[in-house]
Each structure stands twice: as structure tokens, then as C-alpha cells.
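For reference, chains read A, B, C and D in written order, and residue numbers begin at 1 within each chain.
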Amino acid sequence: MGPIRRSSFLRLAFGAALAAAAAGGAAAQPANKTVYFLTWGGTVQQTLEKEGWGKKFTEATGYTVQLVPKATGPEIIAAAVAQKDNPQVDVVQSDLLPFLSGDDQGLFRPIDVKDIPNIAKLASVARINPNAIMTYGDVMAIIYNHEVFAQKKWAEPKAEWGELMRPEFRGSLVLPPVNTTYGLYGLITLARVHGGSEHEIGPGFDALKKLAPGIVEWPTTFARMGQFLQDGSAAVGFYSSSSAAEMARRGVPVKYVVPKPLFFTGTAAGIMKNAPNPEGAKAFLNWWISKEVMTFRAERYGNVTMNTEVTSNPIPIAALNEMQRVDYATVNARRADWIKVFEREVLPLK
Amino acid sequence: MGGAPAGLEARSLVKRFGATTAVDGIDIAVRPGEFFTVLGPSGCGKTTFLRLVAGILAPDGGSIRIGAADLTQAPIWARNIGLVFQNYALFPHMTVAQNVGFGLAMRRVPRADRGPRIARALETVRLDGYGGRRPSELSGGQQQRVALARAIVIEPDLLLLDEPLSNLDARLREDMRSELADLKHRLGITTILVTHDIHEAFSLSDRVAVMRAGRVEQVGAPTELYELPANRFVAGFLGPVNEWTGRVGAIADGTAEVEFAGLRSCRVPALAGWRGGDEATVILRPERLGLTAASAAGEGAVVGRIDQVAHLGNLVNYRVAAGGRALLAQAPAGRTGRFALGDRVAVAWDDADLAPVAP
Amino acid sequence: MRRLLTLFNLLMVAYVVAPIVLVVWMSFTPTMLFEVPIRSFSLRWYEELFSYDAFIDSAWLSLRLGLISALAATALGFLAAYGLVRGRPPGAGALLGLFTAPLIVPAVVYGIAMLQFTNLVGLYGAFPALVAAHVVIVLPFAVRTLLASLEGQGPELEWAAMSLGARRRHAVLLVTLPLCLRGMVSAFLFCFLISFSEVTVTLFMAGPAHQTLPVRIFNYVSDRIDPTMAAVSALVVLVSVALVLVLNRLGALAAVRK
Amino acid sequence: MISGAAGRSALGIRLGGSVWLFLGPALLLMLAAYLAPLFDTTIVSLHPNRPTGIDRDSWTIANYLRLLDTYYGEVLLRTLRVSLLITLFSVLLAYPVGVWLAGLGPRGQAWAILVYMSPWFVNAVVKSFGWTLILGNRGLVNRGLQSLGLIDSPLRLMLNETGIVIGLLPGHFLFVLLPLWAALKGLDGNLRWAAMTLGARPWQVFLRVTVPLTLPALLAGAIINFTMNMAAFAAPALLGGTRTRVLSFIAYQVNLEELNWPFGGALAVAMLVVTLGFVMVAQGLTRGGLGGGRR
């Protein structure tokens, strides 16, 4: 039996068994009043669910937003791909890199100013392609536990990427692994610091290999990294500046520096093709990039927002012109190989 | 229902479980109103027979008729049979009255009629007033009687009792036995009892079938079986027995002169087929052996020495070594005529008590 | 000797319950940080928790899912156990093996299979598919519990009922079922408990709209760690302990050990 | 015999053909929602993965060959090592606990077993989080030892295989303990006295009578314990850390982060085969060698 016939047979058998129940389940859900927003938990969850912006959205548009949180960018896109044929979420937001790989698989539909007027207010760098916009971003930062620094009488890190290589940090480092977006950027950054780039990644791996034995753990999420920095198991790491600020706000004794050259990590958003609630999706995305919400994100979380009307960005959008540009196509194409090298040659080093 | 009692006719019944044949061609006819017992050692197929009649098992061959109806393939619920299980199988979540009324409810007897019938059934088993109790609150004997009431309240054509007394202690068993004997007369239901207990079988039954290894060895009234067992198995199963094998001498008028080594020769009714010189086996029940002091030995008595004594309360069992054999004798326990181990005694018997048996 | 054993067991018990006790204790910290021992006592994170709709929604979802799957599994489990015990069909051993296979087959494997399969048949993230998976996961417990209770009963009671004129359905309804009630309740609670705390399979296959409480906790923890999750965990522990106490009273825990 | 089979259903006392009415619903569910998905995954694992998704038109065993790669081989070995270690410790700990339990009164037993069961009823994520509070560099254990002056720098108790073993043991230990406890309770007490009247010392009784008679139960428990260890997901993820990945976590990554379902399917199938293979070998041992002649 060919795969297609088999699949349709299974669809029939399994579908018939559960059809009635499925119909019941579908009917039980509120029709088209809810917008499903697939993205991280973390600060987005806090914004929508704890800081009341979800309710404000409902007041503004009549729709309600239901957050679908995942831990990492790749997981967000994976969740989106998993429901490609039968989408259950409307709006997707993740790191730029995985978002673009999702776009390559045809996950997203075109969006334009006609449907989402606020797109007009975005900086031109934010218009990535017809299917994707950048909402806000972060600059990468070196985060450190200042109590440990004071105790060990270490000098505060300078705003340079090379600081990561300081010998006294051995045994106190936490870096995100290469299979996460930040880990990937870290690799590219280290490559550049040592004379390479995403086209010439070797120096990056050499640096990682040098660091690897002195690394306490490669935490996959910001929360895990925060835990290590908090309990003193580790003293130095890198992540986004907004994460670092949030960590400090939660009472973890950390400070951060933003090394030059700036490494900007964009956050992209788009609407699922065949989204169950396309109108709601447009309304939500329009609201999400509005001046009010973006101003809040900038002030509360230190996001560098793409809305040009926002005046409280931690870094002026103009400054982004000096930022590192990454060849996303190359990175996405090589990513899997780099992860392989990382898992085999870097990770085992203790 | 409730009309004249019906009889049971089981013809060439066969039941196999895999490679073993539990019931191997049984023919049993139970007369209407009769109390019939199927007796046999455990594993002889008697419970299988009962389950075939009840409809718990389906036969691999043969037929079952109750009254005029062929019930071989009828489902259990359509047979109108009262069934009393060895472990009573009372419904533990129902009261006594609900237990007894269950069969009536299943028969859609109007609610108003059920009460009196339940009461009557409980009265029959002398449990009036116990209707509201739970089975767990009753003694073993009372549970037994509830099971009985539950079986008879539906006025079954046939009452099947599966070792009903075996779970009771000795005294209760005695009481229940006499109670069953009473009931048997009052109810007049055709009843089949399955048991391995000879006393139970003999004290209650009109007729008894002795089974072995899936076959019926002999059917008859209790005394008939006891006095004239068809073979050594039946003889031995019904109680301890002296079994002597000797050689046939002259046969005249159906009486054979049989020579037993170490004993005197005896005159025994000849079995068909005996010829002079053949081996012959006869049995003699221990209670028919008379013991006297050796000094008072009469004519034809055999003298021996007592080598085992067992007191059973009202009876004493002796084993006497005499003539190269071990003779079993049973005597009433009395103040007089008691013997002790090692006493020399004379053993005597009447030839009329000897019963020839097939090997 | 006995004393030595007792001492050993006290240490062992401490080892076994330590993480649970710690989490419950942690839920009463007034600060955002995890510091053991906590310095003062506060219900702050419980308040936080109850004002946090997502956890409440997930709790309801888990409750609903648990109830439906436990109900379905108990019903299917009873029928299956009854068929196995009273019917002794050919290959009964293999059938029992199939019904209890989810105990042996790693949950991750089943999770992956369901993720891929629900996508194939277009039921990814559908609530009925999630229910089906949960029923499969808890079915072994229902079948085992009810098997034990049916085997303990023996067929005589049904025979008795049938000899009194009851059809099979009446015998089952009026006699077998009421007597299995304790087993049914145990099976139900057991299944509920397992479904309520199931995380692996649900994480793999549940669509975005169906984040059960354990999955919500898992996602929450991968993203941020604050004492809210200690508070929600403490509540879940409380509910579980209550259910386990009931189960213990019913004598059902013995069925797991087979 | 033919009439017997027919008669059986006619009588209605045996279920006969209607047994399938009872088994049917559960069987259908298991077919549609259990065997079919597992089958589908096996099929998917034999297709290549393309950027556009699974290519269902061509067939390959490349996904399985990839498993032979050193990285995955190492993960598999680690998973097996950790699983077997936990099983070994569980078996060693089960006797002292089981014997102690069996010696308690009925109420004491009920409570003690409840305590030993408690980890099973608590979400693995929550338990693992509790363990990080204990095992971390600044956790209870390290701080305790440091304040006692026993160690200078913290011991590494988690983010390695030690952490996984410590964290998984209490919950999975239960599956060895429960059957053993039942077997110990079911042991005829007279056997002890019989052995002692024959001159055996208590420890000899334990080794020559108790252990052989309870070994089948212990092994049955060990099998379940092992499969649980192989399948554990959340606890190894949180306590093992990024360097100490186990098979189930890799399977999660491949399926949900990399979205490579064919390879993820191959991982699942491999896990299934390894687990069931171990179970079968262990069962063969129990039946053939140790429990021979019983049942």
C-alpha cells in the first residue's frame, strides 16, 4: 500500500471513530472570539496575563487572546509546523532565525498595511519580507552576578565580547547551547571576535572549545540560566539585555553590559496560513505593534521596539544601523551542521 | 411450574475438557419426586454432571430432558432449576429477602405476590423474620438455608444441590441433614444431590448413583449398594471392607464353595461366569465379623491376635492378624467384650454376609 | 537488627519525600527567590496563583480530561476485564498484554507516535485525541484493578442469578456490577490520578489549546522559575494525597503491585 | 465437539462469541489509538525527511543508520547505564525496606507504603525542581557539608548522571518495592521456622529461603523499574543538564525542536526495541533460570 492510500485509510478509520466526539469538541470552543498567540511564555506571558494587557486587548477589540507558550524559538516554530495542515493558532512570534526557517516551509500568509495599519509606523528594517515583520528585539548582553564579582574581587566586565574569554571565569560560565538561538548567535559572535564569521565558523568553535571545560552548564532557557546565576553556581553568562534586566528585577543579584559591536536579536511575528481566526489575528498583530503596547515593552522590559513612535527605546532605532548584520540564509542552511559539531566536539568537553 | 414433579433423563452425556473426559457417557434417569444422589470421590465428574444438568456447561454429546422437554441446548435461565452451591453463592449486596426474591423478580412475579412467597419460603427453611438481614450477618447454616429458600421459592422442576453441607462443621452438618430430610418429604421436589459423603447420600437418598472417572458404576437404593456392591470400587468406596480373594471350588444351585488360604472355606452366591478353579473375590463388612475371646472360639472361627485398636466413641475398630491376613472388625463400644492390643481372639462370621464382587 | 532496619527506613523515607516537602515548604516563601530555609511565611504565591487565569484554566482542563478519561477507562476496563475473566477468549494472555502494554512501552515513544499520528489523521491538538491517548495510558490500571476484583468474585454468583432466571445482562447489572463497585471506584480514582499527573505524552501531542496542568507547569518552568510553580505544585500534591488516602481506604493500592 | 462449541453460545453461560462485545471497545481503542500510531511512527521512520516535510513516496533506512553515529550511540549507552544503575540500586534497597515493611502491623504498613508511594503521585517536574534545591551547588546538601567544614568547594551532585540517578530513584524504586512487599507478605511464615528448626541462622534463612522465594517478584518489579528509567523524560532533562542528555530527551528535541519526524520516529522505534528487548531477556531469565518450575 502506498503511503497516500495508507494515510487516507488511517484518516478514515481513526477519523470515523472520533468524528462525533471531535464535532462535539469543536462546538464546545468559542467560535472566533479567541486569538491564539503562539510565542514564548516569560515576559510575554507576564505582559498579557499578569500585567493586564490581555484584558486591554479585549477592551480595545472585543477579541480575547489566548497565549500558547513554548520555551524556545525552535519549539515555537516546531509547534507551528506540527499544525501546518490544521492550524490552531493564529499569530506566531519567535526569534527571527527560526521564524524565517518556518516561513521557508510556507507556514505564514502575507500581511500588509491594508489589514494592519500599524505596520506603516514600523522602521523599515522591521519589514523583513511579505510574510514577516519584526516586532521588537534585544541586544545581547553579558550578564554577571555582581555579588560573586565583589566577593572574588574580579573587575567588572568591559563592554567587549572578548571578556567572555577571561581565564578567571573558568568554572563560572553559563552559555546557551548552539541549538538555541542565543547559543547560535554566541557562536557567530565568537567567530567574529576571532576573525571569522558565519561564513567562516571555525574560529567560533575554537573559542567555544576553549571555553567548554570551564562551563558549568549550557542552559537552554533564560530561566535555567537565571537559576545558575542566582544560586551562585555560575557567575557569568550571556543572553538578551531585556532578560538580564528582568532577572535583576526579580531580585537576582545580576548586572549586565552590552558589548560592542551591538548584536541585535530580532523577534519576528506573522499570521498562520489558514489561521482559524484571521480577522482576530490581524486585529491582534495590529494592536501588539501599536505605540501603547510597544512603549510598555520598551519601558518595562527594555525591548528595542520597531515602532518609530515609541520614544522610550533603550537604544534608538537609528543605532541599529551600526549593528552586526547576519546572513540569515547561510545561518539557517548551516545550523544543523553546526549543532552536530557542537554536540559532538564541544558538549562532551568538561 | 409447580405442577406435578418432573423427572430427569440424562442420556449418554459426554463432556470433555481438552484431552480429559470429565463425563464419559452417563445415563441417569431420576424419577419424578425422587431424591437422587450422585456419589463419588472428588474428580469423578459428579460436579460436571450437575453443571451439565444445570446448564452451566454444555455437553459434547448426549441429551438432557426434564419432564417432557429436551433441555440439552436450553440456556440456564430457561431451565427452571433450583441450584444450591457449595459456597451458597448468596448475593452479598442484597438482603435475605432480596436474595430469595431475586428469582421471582426475574420471573416478573408481581411485587405484591412476592412478599408472601418469600415469607413462605423463609418459613419453610425456618428463617422467618430474617428477611432484612444481610447474608454476612448469618451463620453458615443460616446462609445454607437462605440458599435453599432462594432455590425452592421459584418452585423449580428440579432442585440441584452441589455438596451443600460440605462447608458446615460436623454438628451443623448433622442438623442440616435432618432438616433436608424433613424438607424432602414436605416439598416433594425432584432433587439431585451431588456429594462425596456417604452418610449424606445414604441418609437422604431414595437412590444413589456411584460415579468413578466419568462413569456411573452402580445405581441403586442405599442398602442395595451397601449389601451388594457391583464391584470392588463401589464396595470400598462405601466404607471399610474385608476383601478376600480365594479359589472357586464346586458350584451347586448358584452357590459356590470358595477356598480362602488361611481361612475356612465359605459358601457364597456364585456370580455368573464363575467356574471351578477361578479366582473369586468376596467382601465382608467389618461390623459383620464377630470377635470373642480365643478361649471361646466356636466352630469355623479363626484365631488371631489383635494388632491395632481404634476407639471411635460409639464403636471400636480392631485389626486382627489371623491366617496370614489382616481382618477388620467393628464392634459396639461397651463395658464388656472389650479387647486390648495383643489379645488373642477368635473371629467368626456368617457366610450369608459375604457378598461376591466383580474385580 | 530491627533497629538498624528502622533507622535505615527513616533515612530512606526522608530521601523519598525530601523534594516534595521542600517544594511545598518553598511555596510559602515571601520572596521571589528560592532560598532554603525560608525566613518567613507568606501566602503571596497562592494569591498570585489564583489571580493567574492560565493555571486555573489548565487545572480545569486537567480535571475535565481526568474525569472523562477515568470514566471511559473504567467502563472499557470493566468490559475488557469481564471479557477476559469470564470469556477466556483464545489469546487472552496476548490481549491482556496489549491492554497493559502502555506500562512497558516508554511514554516518550507513545507521545511521539501520537504526535505524528494525530497530524496524519488531522486530529492534532483535538480534545478527543487527547482523551483517547489518556484513556490508553490509564487503561492498564483500570484493567488490572477490575481484573483483580472480578477474579476475586468467581462465577458462582452469576450462575446463581442465571439459574434463578436472570439473563446475562441482568446478572451482570444486578449482581456483578454492584459487587465490583469498590473496584470500579478504585479504578476510577486511580485512572484520574494518573491522567491528572501525566506529562510526557500530553506534552508531545496536546495541541496549543490543551495545556494540562502538568504541561503548563513544565512549560512555565522551562521559561521562568518563581515560587508560583511551587504553590501550584503544593496544591496538586494536596489533591493527590487526598485521592491517595481515599484509594488507600478502598484497599486499591494493592492492585498496583502486581 | 462441534455441537459443544455451538451449544456453548446457545447456553449463554459461557460468553462464547459475545466475548468480543466485551473486549471490542477496549480492543478498538488500542488498535486505533495505540497500535496504529506506533505502526505509523515505524513507517514514518522509514521515510526520508526533506525541508518541506516527510517524503512519503520514498523509503530509506538512513534514519536508523544515523543512530549508529557516536553521539547517539553515547546517548543510548548513557541511557542504558543510568537505567541499569537505578534498577540495581532499587533492587539493593528493596530488601531492607520490604522486610521492614512486612514486619509492621497492617496500619503501619498502609501508612509506610503510602509514604513510599508519594513520589509517584507528584509531577516529575515538581520533584526535579525540589531536587535542584537539594542537589545544586548552593543546595541543601552542599551548603550543609560546607558549613560542617567537610568540603571546600561544592560537590557536583546534579547536571550529571549522579543527579539523574538520585532524582529518579525514589519514584521508580516503588515498582520494585511493591511486588517484593507483596511477595514477602505472602511468604508462609512457617517456612522461616521450618528452616530455623533445621539449624539455619536468620541470615541463612534470608539468603536460602526468603530471597529465592521472592526473587521472581523482585525481578518482575525490576523490569518495570527499568522501563520506567528508560522512559523518564522530565527529570533527566532538569537534573541531567545539557551535557547529560538521555534518549527520551533527544527524542523530544528531534521531534519537537528539530521537527525531524522520520529521525524522531527512528529514535522512538530504537527506544522501544531496546526497552522491550531488555524486558524479554529479563523475563526469559526469570522464567528459564530463576523462577523455573514455578507456576
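List of remarks:
Just so we're on the same page, a residue touches a chain if its C-beta (ideal position, glycine included) is under 8 Å from a C-beta of that chain, and two chains touch if they have at least 3 such contacts.
Remember, predicted model here, so these are calculated numbers, not experimental data.
Each step here moves to a touching chain, and the least such steps from subunit C to subunit D number 1. Chain centres computed from CA atoms place B at the largest separation from subunit C.
Of all chains present, the one whose mean CA position sits nearest the global mean of protein CA atoms is C. Interface comparison, A-C versus A-D: the higher count of C-beta contacts falls to A-C.
Centre to centre, using the average C-alpha position, subunit A and subunit B are separated by 88 Å. Subunit D has its Cα centroid 36 Å from the Cα centroid of subunit A.
For the pair subunit B and subunit C, the distance between C-alpha centroids works out to 55 Å. Touching two or more other chains at once are residues 12-14, 32-33, 36, 40, 139, 255-256 of subunit D.
Touching two or more other chains at once are residues 7, 10, 14, 79, 82, 220, 227, 231 of subunit A. Multi-chain contact residues of subunit B (touching two or more other chains): 55-56, 75-77.
Those residues of subunit C whose C-beta lies close enough to touch subunit D in the complex are 1-2, 5-6, 8-9, 12-13, 15-23, 26, 34, 36, 75-77, 79-80, 82-84, 86-89, 95, 98-99, 101-110, 112-118, 120, 129, 132-133, 135-136, 139, 143, 159, 162, 167-168, 193, 197, 199-200, 203-204, 214, 217-218, 221, 225, 229-230, 233, 236-237, 240-241, 243-245, 248, 253-254, 256-258. Residue ranges on subunit C touching subunit B, taken from their complex, read 156-157, 159-167, 170, 174-175, 178-179.
Across the complex, subunit C is touched by residues 54-56, 75-83, 85, 87, 89-93, 102-103, 106-107, 150-151, 154 of subunit B.
Put simply, subunit A touches subunit D in their complex at residues 2-4, 6-7, 10, 13-14, 17, 72, 74-75, 77-79, 81-82, 84, 104-105, 177, 179, 216-220, 227, 231-233, 336, 340, 343-344, 347-348, 350. Interface of subunit C with subunit A (complex): residues 31-34, 51-54, 115, 117, 119-129, 131-132, 207-209, 211, 219-226.
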